[in-house]
Amino acid sequence: MGERILMKGNEAIGEAAIRAGCRHFFGYPITPQNELPEYMARRLPEIGGAMVQAESEIAAINMVYGAAGAGVRVMTSSSSPGISLKQEGLSYIAGAELPCVVVNMVRGGPGLGGIQPAQGDYWQATRGGGHGDYRLIVLAPATIQEMVDTVQDAFDLADKYRNPVMILGDGMLGQMMEPVEFREQTVSSLAEKEWATTGLRNHPGRRNVINSLYLQPDKLEEHNQHLQRKYAEIAANEVRYEEVDVEDADLVVAAYGTTARIVRSAMEEARREGLRVGLIRPITLWPFPVEPFARAAERAHAFLSVEMSAGQMVEDVRLAVNGKKPVYFYGRTGGMVPTPEGVLAKFREILEGKHNG
Amino acid sequence: MAKVFERPKALADVVTHYCPGCTHGIIHRLVAEAIDELGIVDRTVGVAPVGCAVLAYDYFECDMQEAAHGRAPAVCTGIKRVRPDLIVFSYQGDGDLASIGTAEIVHAAARGENITVIFVNNGIYGMTGGQMAPTTLVGHKTTTSPYGRDAKVQGHPVRISEMLATLEGPAYIERVSVHTPQLVNRAKQAIKRAFANQVEGKGFSLVEVLSTCPTNWGMTPVEALQRVANEMVPYYPLGVFKDIDAEGEDK
Amino acid sequence: MTFEMILAGFGGQGVMLMGQLLAYAGMTEGKHVSWLPSYGPEMRGGTANCTVVVSDRPVGSPLITRPGIVVAMNLPSMDKFEDSIKPGGLLVYNSSLITRSPKRTDIEVVAVPANEIANELGNDRIANMVALGALLGKKPMVEMQSILTALRHALPPHRHHLLPLNEQALDRGRKLVG
Amino acid sequence: MPKVTFREDRCKGCELCVSVCPRKIIVMSEGINNRGFHYATVTDQSKCIACAFCARMCPDVVIEVER
Amino acid sequence: MGERILMKGNEAIGEAAIRAGCRHFFGYPITPQNELPEYMARRLPEIGGAMVQAESEIAAINMVYGAAGAGVRVMTSSSSPGISLKQEGLSYIAGAELPCVVVNMVRGGPGLGGIQPAQGDYWQATRGGGHGDYRLIVLAPATIQEMVDTVQDAFDLADKYRNPVMILGDGMLGQMMEPVEFREQTVSSLAEKEWATTGLRNHPGRRNVINSLYLQPDKLEEHNQHLQRKYAEIAANEVRYEEVDVEDADLVVAAYGTTARIVRSAMEEARREGLRVGLIRPITLWPFPVEPFARAAERAHAFLSVEMSAGQMVEDVRLAVNGKKPVYFYGRTGGMVPTPEGVLAKFREILEGKHNG
Amino acid sequence: MAKVFERPKALADVVTHYCPGCTHGIIHRLVAEAIDELGIVDRTVGVAPVGCAVLAYDYFECDMQEAAHGRAPAVCTGIKRVRPDLIVFSYQGDGDLASIGTAEIVHAAARGENITVIFVNNGIYGMTGGQMAPTTLVGHKTTTSPYGRDAKVQGHPVRISEMLATLEGPAYIERVSVHTPQLVNRAKQAIKRAFANQVEGKGFSLVEVLSTCPTNWGMTPVEALQRVANEMVPYYPLGVFKDIDAEGEDK
Amino acid sequence: MTFEMILAGFGGQGVMLMGQLLAYAGMTEGKHVSWLPSYGPEMRGGTANCTVVVSDRPVGSPLITRPGIVVAMNLPSMDKFEDSIKPGGLLVYNSSLITRSPKRTDIEVVAVPANEIANELGNDRIANMVALGALLGKKPMVEMQSILTALRHALPPHRHHLLPLNEQALDRGRKLVG
Amino acid sequence: MPKVTFREDRCKGCELCVSVCPRKIIVMSEGINNRGFHYATVTDQSKCIACAFCARMCPDVVIEVER
């Protein structure tokens, strides 16, 4: 068991990535994630790696493409506007099936917006803000400890499925400090990436090509079918979520990341007031934990999605609940963070509405 | 009997998709010859652009990556930084390198990335059917400059070699052409040098090659070569624009 | 027990460090802690604050809008946060810089002439430690010893000669309320 | 004696080789190859000086030159 | 009534834009939409306007930002990878509330993909591939005549709501020719854009600022609330769709754009076979025509979404049907276009499944 | 009594958010003075960058647009092309213009857009807290070059004025500094000229102004001025790099 | 009546124009028409084809996978599209370049020595008009006069002197099957 | 007679004016203004030569100069 260290979220990601075997980071400054590239700039040269400050987010994601194609564990990070710029690159990376980890410390939008925490990039992350049918695996930790564990998971998932993985945080998770423990890593010596462009001398007799172009539409369709099969496999095997007090809940809340913590604070108070509120906290936003919601829809009376956005995840909750029970929404935007009090008031409104109705 | 000329081994023995007489084919061959002569095919990774050379990944007998439009220098940077033992080159058109990819080429050059860039300047967007490029000559009619490029409206063509040569980063920049057999030889030397520099760790090397697009210029291949000589070379003078070795000698 | 507090002051008064010391000390005692800074674009001056939770249970929301404790090192901070304190909560304020009295009557109030005491000790910049001492005197949520450990961790080695001074400041603060 | 060999099925009929041969011994065929192009051939092999200009200019590596 | 002209879709858009008062076009070449910028390059100089070929799609969308901010009707177009690059810009334009029209002639993805027709950018268009909570109005015409009419509508909607409007076509719509008629335009002299940066001399005493930055989160939230109210208004007033044979349908199909035409061909055959199939064709993809689906869910037995994607619009159909009836999916990808035969087979499978079940 | 110096009218009478001693404030004032003296405030539109000058739209008394990071030259192009009667300028930092916005500035210059660009080079990313910029001097410690910029790893700083001067497009490019009152005067003349050129339809004009970032350089404002003189000017020589009027005279 | 057809050949044989003439002619007669090209990246050579629908009802799918009519101007085109023709449909093929006979027995087949006739008329490039004439002879979906109007519209004025030649070619084609 | 006026509430105390005054007559105040900065003032107005160096260097347009 490792020692507990008090660390900023952004720096904790960096340290966790290094421990997961990542030696290369390509980034571009943007608030509120700067501590991550800065941490990498300090640490990576010490251990024979490199942090390259790219000329832009676009260059950064394409450097990641090259590096991932060459077979190493590689990371980039940014915040909302910078992530928008990476959409073409992400579509390419998904199309060429390259493993990498991308961090988005979401801030208020749209446009230049602001720099306070938000979750307005949910759709972009889960539906693919880029073009074509592709998926990112999206992980949304709620504490810094979980973020650290998530980083290891992210690299493993990326390699296992040859797919980009996004860690969706928010400004608060990046900036806050909490104790973390870096658990003993069982980094099974990374599986050989036989497909990587490491030069013919490393794989004689087989030319490796990293590519997403298929001029023949039937070939491109085949490739898409292959991708869809892979996504189905991920959806079947890699759903992660946490359930709290769902068994007896009248109202089941959906919330992820820091918002889920605020909901938990509100839930404690609610339970004290006798309101039976439970929480399903998706940890993978894609694949979305459909099944626990479907299950809960059998007995709970209502659902509520709490978000730092204007109503995005609520659609996934609706799709999962599939009309069985009403699904409500409560959200704050623009860097305003829901308060436990505000969330609690919404609980009361829904549950009292129910009692009256 | 001795072979005076034969197909280089690093060039895949397949029919290319290039139009008849398109000099992309010559330039491909020169790259392959350089790779052969330096004996580096088994540790070379090429990066293909988006442009007529998009299928270059089918034509070179080394590992390849296909980059997004304009981003090949960034992709090369990613590869080279994580595997410095590899020889990494990009092969890019003028739309790819001089337009959408301007930031990427300028900063790969400025950082002095130890990579090799083959820049094929045919003054047009070939792949997409003949639109104006930043390198299109003034007066030239293209599908997006149907009245001829007007310097007052569309500006003057960009000279990439001259521009990049103002940076401290690059080790070697030369502009060559392939419109005569003699110039093909000269181009070959330049391309080989650009690879050799990388092998020797000298840093960023770029060779700009003037090239034809008979199809979109609306000319026969032979006329197209003449146009290179008569119209392109006067605006795009051939020569070495940066050479740290020569500078070393000067000092 | 759960302590939810906001520490606020001018940039440069060391409120961020105060918060980190509390969080670190709590952590070394095996408590659950979180520290959340306010962050803004790089504009200088103005006020800074951080939110700290020290608890024997996992920390829910790291963002606190109704704190049990506020430490206000300057007037704008007191203006901003006084009203948010939970009834029955605690307000520690730097009476060296804040001349008005708190308006709230349903909370406990501690006036600390932090800069004056710091000046007495010969270093204006340890006013934050005086205030921290006072806070811990009122709410001994962590051991003073843990704070000192935290300080030793936070200060670079070449500043360790300042440790005794900081300890004095903490002590003076605590005595003030003790 | 110099020898040039044309891989006719690969020729795209661009005539670049024709344009550079100093001995003017390359001509385009009447017939077309299986890709639909009139292909290049040499009329009088014996005049060839193995300068390889033709081969150097051919974008499709149709030509091999020996001496 | 104008004369009927045989025109390529891409060129028809250009002509329609000109007739709608658009004099400025900023673009970058990409297949399969090149005929549009090329048309503009020929025509605009003749009428005192300009087509500027930008250095990239990113520059193009930011030129559009500037031009729209200066108060003129302005257009850009691209195809999938190029549209991905515009995501940051679109988020800015939506955030700053600028009117403009963006055309996406979708091609097969992900990554470089291919150049044949596809609809894989549905999510990107309707959910916002950029960051933050914003919406594009998305119009999906099915014929070239409708595309022409749509262009006028698009500019009017953009101006009315100060919001970017996307016309979502596909390679087929762009490349094909059909007869079109340019109807007499009632271009009510464009309403003055009082907010535009036209220089103080045009609006003395009031400085106009185009901006999407709000550093105070409460202000940014207010701005977001304003945007959400606007989006609600658009959703209430601007839904456009077509219904065909829905009244008696056992199976209601959802399809848009060219796919809807293929579905109609299949429907004719189906009706001949006695299969009662109806079609709801969304013309606005956002706002999605929720209500006709909800209405149809009362009596139809099943729904089917037919797409040139791996299943994107089907989620909107599910959300609209809200669990009342099963919703099926049939899709082709990568530039493969569904055939009437393939679609018909799917009709049979579902309806026979129903009869058996 | 005659006013020898007073606040220009085009500068809003508000407190800026800039750090004490940051020369962004001086440069703002010079822009406002130029606008005043040319009497163009009622037909000028400014474009603010993303960088410390992001709030410039609050500081100039003309219409303003806030551009995405690096895209100000494209935004200016959009405005100027549709309303050529307006005077359009961008105000951009070195991260904005010389890094992410490289393609946009190169091509606005190459097209010879009739706009005015004020380029504030402080060799660092100020707004985001002191990261390395493409213009950061070798050896300088920043948060992303914590061991000092190493030319072998991060390359050499980019000289934008020299680079753009190789293009045919620009009418006027000058590098100035504001670290002494005399240089402030010179800078003022350059900025005024860059606006006057636009009024006269001469085309693309760019003034690069060396500037300080006391906060992220970790210096007092006065020390920061000295650093400009001692370290920046030697690498970034002041002077005119392009001037079509002068060229005219030469010929 | 609805005519759904695919016209295919080498790039340069003028199949795109053939299709456009049919669509244009149909339009001038008040019919519903669509023309859909195959498009690819700029690689030269190879085959090109277009799909044309001429109908008295609005055109559903402009993409036809089971055409009623195929015109094949070269062998690869016939190889590619012969199988797709609906039973009872029509195949017009250029017997000047296609030496093998069609395999299908459930369709109508018309062999047109298009290049030979064109050569006879003195211009190899009007083989497409010969084939078009033959098609219209078999399936008079539009008036020959409308095709001529379409041609006049399609050719630039300085090429209008070629109109009589084209008319001749159309005529020869039609007579072939008439 | 030359006159310099400092708008003290706008001063950020950067001392750039101090550093350039040829007459060395600008000093920083003991007290702070309402924004928390020690502000600049002139000690001996009569020595001022109205060169406006101070005003030209002030990033916050604190200073007005008359003569």
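Things worth noting here:
First chain written, first letter: the chains are A, B, C, D, E, F, G and H, and each begins at residue 1.
The criterion applied here is as follows: contacts are C-beta pairs under 8 Å (C-beta built on N, C-alpha and C of every residue); 3 or more make two chains touch, one makes a residue touch a chain.
What you are looking at is a predicted structure, and each value in this text was computed from that prediction instead of being measured.
Chains A-E form the pair with the most C-beta pairs in contact. Taking the mean of C-alpha positions as each chain's centre, the chain lying farthest from the centre of chain A is D. If each chain is reduced to the centroid of its CA atoms, chain B and chain H end up 58 Å from each other.
The distance from the centre of chain G to the centre of chain H, with each centre set as the mean of the Cα atoms, comes to 87 Å. Rounded to whole angstrom units, the spacing between the C-alpha centres of chain B and chain E is 38. Residues of chain C in contact with two or more other chains: 40-41. The set of chain B residues touching two or more other chains comprises 18-20, 54, 66, 68, 99-100, 102-103, 106-107, 127-129, 134, 154. Contacts with at least two other chains are made by residues 31, 50, 55-56, 58, 81, 88, 92, 96, 111-112, 115, 211-213, 215 of chain A. Against chain G, in their complex, chain E makes its touches with residues 4, 6, 31-32, 115, 143, 171-172, 175-179, 258, 261-262, 264-265, 268, 337, 339-341. Partner chain F is touched in their complex by these residues of chain E: 23-24, 26, 50, 52, 54-56, 58-60, 62-72, 74, 88-89, 92, 96, 197-201, 204, 207-213. Remark: chain C residues 20, 23-24, 27, 32-37, 39-41, 59-63, 65-66 touch chain A in the complex. Considering their complex, residues 99-103, 106-107, 110-113, 134, 151-152, 154-159, 162-163, 165-169 of chain F touch chain B. Touching chain E in their complex are the following residues of chain B: 50, 54, 66, 68-70, 95, 99-100, 102, 125, 127-129, 131-132, 134, 143-147, 153-154.
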